[in-house]
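Both complexes shown next keep chain A, but they swap its partner, so chain B is in the first and chain C is in the second.
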Partner chain A sequence: MNHLGFKISKMKIGSFDFTCCEGCQLQLANKESTLPDFLGLLDIRNFREISSERHDDYDVALVEGSITRSDEIERLKAIRAQASVLVAFGSCACFGGVNSLKNKIPAEEAVKGVYGDKKIDTMPSTKISDIVTVDFMIPGCPVSKDEVERVVIGIVTRSLDTLPKYPVCVDCKQRLNTCLFDLGEVCLGPVTKAGCDAVCPSGKTPCLGCRGPADDINFPSFLQLVKDKGLSQDDMREKLTFYNGFADYLDHES
Partner chain B sequence: MKVDFNIDIHHLPRVEGHGNIHISVKDGKLADATWEVIETPRFFEMMLRGVSAERASFLTSRICGICSISHSLASIRALERAMEIEPPKAAKAIRLLAMHGETLQSHALHLFFLAAPDFLDMPSIVPILHSHPEIVKAGLLLKELGNEMSIATTGRATHPVSLVLGGVSKAPSKQQLKELKEMIIKRRTALVISTDFFRTLSIPEFVRETEFISLRNGHDYPFIGGDLVSTDGVVRDENDYLQMTNEYLCDFSTSKFTRLSRQSSAAGALARFNNNSRLLGHRAHEIAASFGLEPICHNPFMNNIAQLVECHHIFENAEMLIESLLDDDLQEIRTTYKPKAGAATGAVEAPRGILYHHMETDDDGKVVKADCIIPTTQNNANIHYDLKALAAEAVKEGKTDRETEKLCVMLVRSYDPCISCSVH
Partner chain C sequence: MIYKVISKTEFRKFIDAIVKHNNAYGPQQVDTGSGGKPIYQFMPVKSSDEIDFDYSVTHSSAKHFFLPFRDELSRFNFEDGNWEQEVRYEAPPRILIGLRPCDISAINMLDEVMLNGPYPSPYYLARRKNTFIIGMDHLPLPDCFCKSMNRHTVNHGFNLFCSDIGDKYYLSINSSKAYSFLKEFIIEEPSYEDNCLLIERRKTIKQSFETNIEVTGLPVFLDIEFDSPIWQKWGDKCLSCGSCAMVCPTCYCYSVEERFDVDLKGSSRQNHLYSCNLVDFAQVAGGHNFRPRKGDRLKYRYYHHYRGFAANDNQQICVGCNRCGRACLADINPKDVINDLRLERESCMICVLPSPDKT
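Presenting the complex of A and B:
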């Protein structure tokens, strides 16, 4: 393959899932119109969900899911040892994701509630950067295939771009949406990292912050905005804790 | 010759989630066969406690990356029934179209990415892109059409945005609906190519009689709500889901098992077909007959064909739904409601079979108790006992370890299991 006259080689990739819904990996098979070209950039060495061929000589590892069981720690460390580039893929890998909602109750109580007296190995959900070094994060629930394509092309052509630094509101305004705050809803658009094309507010549902905080957000000002508008604090808290992306900010507040 | 062999497949590839197959043959006889689900549990029922009814479906959709729309709608239906909210007619049609999109996408993913490589002796779809480019192209056109239906009706393909309690938060534009209709008409060719391709594949002959469970409402081929029925003659109200599932724990699986009148039961496209075939569209009927698919079919490998038949039904029914939405002004799409205490079940036919969510709310509309019973959970026992029967038959017929292994993995894949969903 040639790019701007330079020879480039296919990316030897492995895709791995831990505790998750596998919806982010599924995005790799979406956007069907560009799929054959996209697959043409990849040398898929290990991707259990779509291929029965498995090799351990990948350079780039996409890791989906959070860590909730001890055997997952060893598996993740082995992937880290092999991969030159490890990408946290989706909100569960990046922040712990919705799985973190189970952390509000003790693990033993969760087991008892679902399995009764059966012994089940589980621990509080953690993001993967708590266990290994992460080279790049693609947040989102699910990840956006457009963004994944940009990142993959960036890695293959050695021109890796960064994600947007600004919040979802910027994209949302460009789509000429009515602000959900004006419709009486708490929306996390002002504090969440853009790059999703404001898909939720464009569908008239509030942003729940799946992409985590934008760079240099003014969090106290956001809290003040919700107060000034007289909107529900409970509702705001439910949204801010949904994907665990704002944990650092909430810890700081309390 | 008396043979001895073991088959141990750790993390079976080309299925959603993590499951293992163990088969042991001693002295030319099957000693044991196990379907072991080892997925990490996420405890969604516990996460749901205290979540607002409004937000619950946004959480449950994350149970599954492939059938997120079904999970969202099962929760919404349970909560709407619990709080006595009646969604507007147009919203119901939009939701059904969303289900069609998801089912088409999921069936195309399964048929082409997960199942087809076995029939062609390939490890994945990637080499098939080169050996049968026109077939893969047809499959991708079907999958894309499914995704486009979901995007138009819910905002995106995975994890719906605009499915909300009381209806939908945003209706597709007339322009989107017209484009979708044109896309369906144009892609009929892709469906014909796909159907012709599946005619060339040889579906293994294997029968183990079982009980098929699905929804039935008497007027549509079922996708949302209705009676709970089985091919053994059981009929129950939607709220009596626990009597249909009878979940129990077994030591080799993190997924629970279920049963009704027999040792195990099956859900999915074949179960829907076996209970509702007369409600299929005209074309879907013809296709089923042309494949020799008749109710009650007990060959699990025919689930692949039942999925294909459903793709034909979706093409017909989606076009009708779009027509009805084009005739509507789409102004009434969301009913306002006051949160209240209540309890109810919402059952929908997810791509892989009947899905139950049961929700209880308090006066503020917060979820106090939730229960989700997933199609693959209901299939795991059937897969387990099918594996034993199939492996025993293969060994008796003198098949080698490789031949036995291939049949067994194909069997599991025929159920299109969604394992992380089944453990949730």
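Presenting the complex of A and C:
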């Protein structure tokens, strides 16, 4: 392919899932209006939701899901060894995701609750950057297809786009939403990375921080805000731990 | 300017007639806050019944009608190794109803920036020229401080301005277009009593302000206080979320982004309203950030509003609507920041040597 006089090549891509719902990968096959053009940028080598062909000569690996079993560690390391660019794809891969909720209770209890007496190999849910080097993160539950398109175009044209560094409040104010704090709710918008177009607050659902922390957030001021508004600390904590994106801040605090 | 009066019932008929076939926006209650207070925004309206004429103030300003939060500046089409640029300035005609004097003053200031500088913005001009503005006065909220900024009245920048004098609106008609529309309705010459009522109304508004900020000499204060610890104090509270700039009627800083089409056959150059409080506002290519500290970024927002323009253009760009103060979750507002600054300087004056006695 030729683009503005530069020779560009399709992105040889492999997409892999670990412990997750595969909803983020499904987003890749979403947004029909641009899907043919989007797929035109990709040379899909390994992606079970789109093609039954399997090849191991991919350059870019999209990794969805968190790591919760010992065999997943080996598989992830093998993908890292093959890929020149590894992208953590979705909140589970980026932060441990909603799977991390099980880390709050004893493993036996969690297994028993879900699988009964069946024997299951499991370990605490962990983000993939705890195991391998991650080159780029596309957070979100699920990821935003628009953002995925921008990142893929950036890689293909070698003009890599960056994700917004500022919080969701910017997007939210631009949609003229009523601030959920004004409606008496705890919302993680002021500390969460923007780029989702404030989709949850626009539907009057408080932000749960699926995109993880924005850059250089003011966490103490956020805690103070929830306190000053007299809102529930338990509610705030539940939200902050929901996707495990704020683990570093919470650890630091306690 | 032509002055007329119109009954409120007739005024609604007039509004119904002009909003019916036009893109019109007016204040509407969109929510009720947890304290029971109504929350208003400028929303699309199709009849006078959809407009809350007696609203207090909208949460966000009317700025985005002239400076959209995201705006396509141009499109590029790539073909045969070459490219073409396509620029469109079209703006469909629009009516904005119910703007407050401070809102209209803010647009007048944006005119200065966008139209009267060395590089006038054709995008802004198209929208400004194609927007019909109907202003309305109101009693200030307890935290409004537009009188301190001398923006509680406005005498230009609108097509029609309505002062509430009881059963009637006292109309200031500032464009031939407004006058030709109004001629089709029952309007009257203001009577002696109407004039008295207007003066009374203006006096009531003027006397209803509860918040005042001393802004005289503020640019000099700000110069002196450049290294004040006060900036860090407020910076420590700031969430750097940009809410203040988004709701502000005069904040116009922006970033420009290029976005490829997915088929790589074209791209779009977009202007995105930004805020000087956002973490990467002053980050440049290569990664260096000139303002990594929250306090510095907050300081520059105050400098832009209260100092930069005063020095260059003899006016401060803040209109005193306090939307930033209401939107700020960290409870930062111009009144408290400026008073803090003055207090520090004035308490410092105490230790200055007394002036020599007159002999």
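In this text, the second predicted complex is superposed on the first by the 253 of 254 C-alpha atoms of A that agree within 3 Å, B and C clash if a C-alpha of one lies under 4 Å from a C-alpha of the other, contacts with A are read in each partner's own complex, and residues count from 1 in each chain.
Please note the rule applied: a residue touches a chain if its C-beta (ideal position, glycine included) is under 8 Å from a C-beta of that chain, and two chains touch if they have at least 3 such contacts.
Quick caveat, the model's predicted, so the values are computed rather than measured.
Asker: Can you tell me whether chain B or chain C touches more residues on chain A?
Answerer: The larger set of chain A residues in touch belongs to B.
Asker: In the superposed arrangement, does A:A247 touch chain B (first), chain C (second), both or neither?
Answerer: neither
Asker: Counting only touches as set out at the top, which of chain B and chain C does A:E238 meet: first, second, both, neither?
Answerer: A:E238 contacts chain B only, not chain C.
Asker: Using the superposition on chain A described above, determine whether A:R54 touches chain B (first), chain C (second), both, or neither.
Answerer: A:R54: touches chain B, not chain C.
Asker: Check whether A:K165 is in contact with chain B, with chain C, with both or with neither, and answer first, second, both or neither.
Answerer: In the superposed model, A:K165 contacts chain C only, not chain B.
Asker: In the superposed arrangement, what residues of chain A touch both chain B and chain C?
Answerer: On chain A, the chain B and chain C contacts do not overlap at all.
Asker: Flag every residue of chain A that touches chain B in the complex, lowest number first.
Answerer: 17-27, 29-30, 32-33, 35-36, 39, 44, 47-54, 68-69, 72, 97-99, 101-102, 104-105, 109-111, 113-116, 118, 120, 122, 141-142, 199-200, 202-205, 208, 235, 238-239, 242
Asker: Residues of chain B touching chain A in their complex?
Answerer: On the chain B side, the touching residues are 11, 13-17, 40-43, 45-47, 49-52, 55, 58-59, 62-66, 68, 109, 113-114, 117, 123-126, 129, 136, 140-141, 143-144, 147, 154-159, 161-162, 164, 169-170, 249, 254, 420-421.
Asker: If you look only at chain C, which of its residues touch chain A in the complex?
Answerer: Per the stated touch rule, the residues are 30-31, 33-34, 39, 41, 59-60, 64, 69-70, 78, 81, 83, 236-243, 246-247, 259-264, 273, 275, 278-280, 292, 294, 327, 329-331.
Asker: Within the complex, which stretch of chain A touches chain C?
Answerer: Where chain A meets chain C, its residues are 1-5, 34, 37-38, 40-41, 149-150, 153, 156-157, 165-167, 169-170, 173-174, 176, 178-179, 181-184, 189-191, 214-218, 220-222, 224-225, 228.
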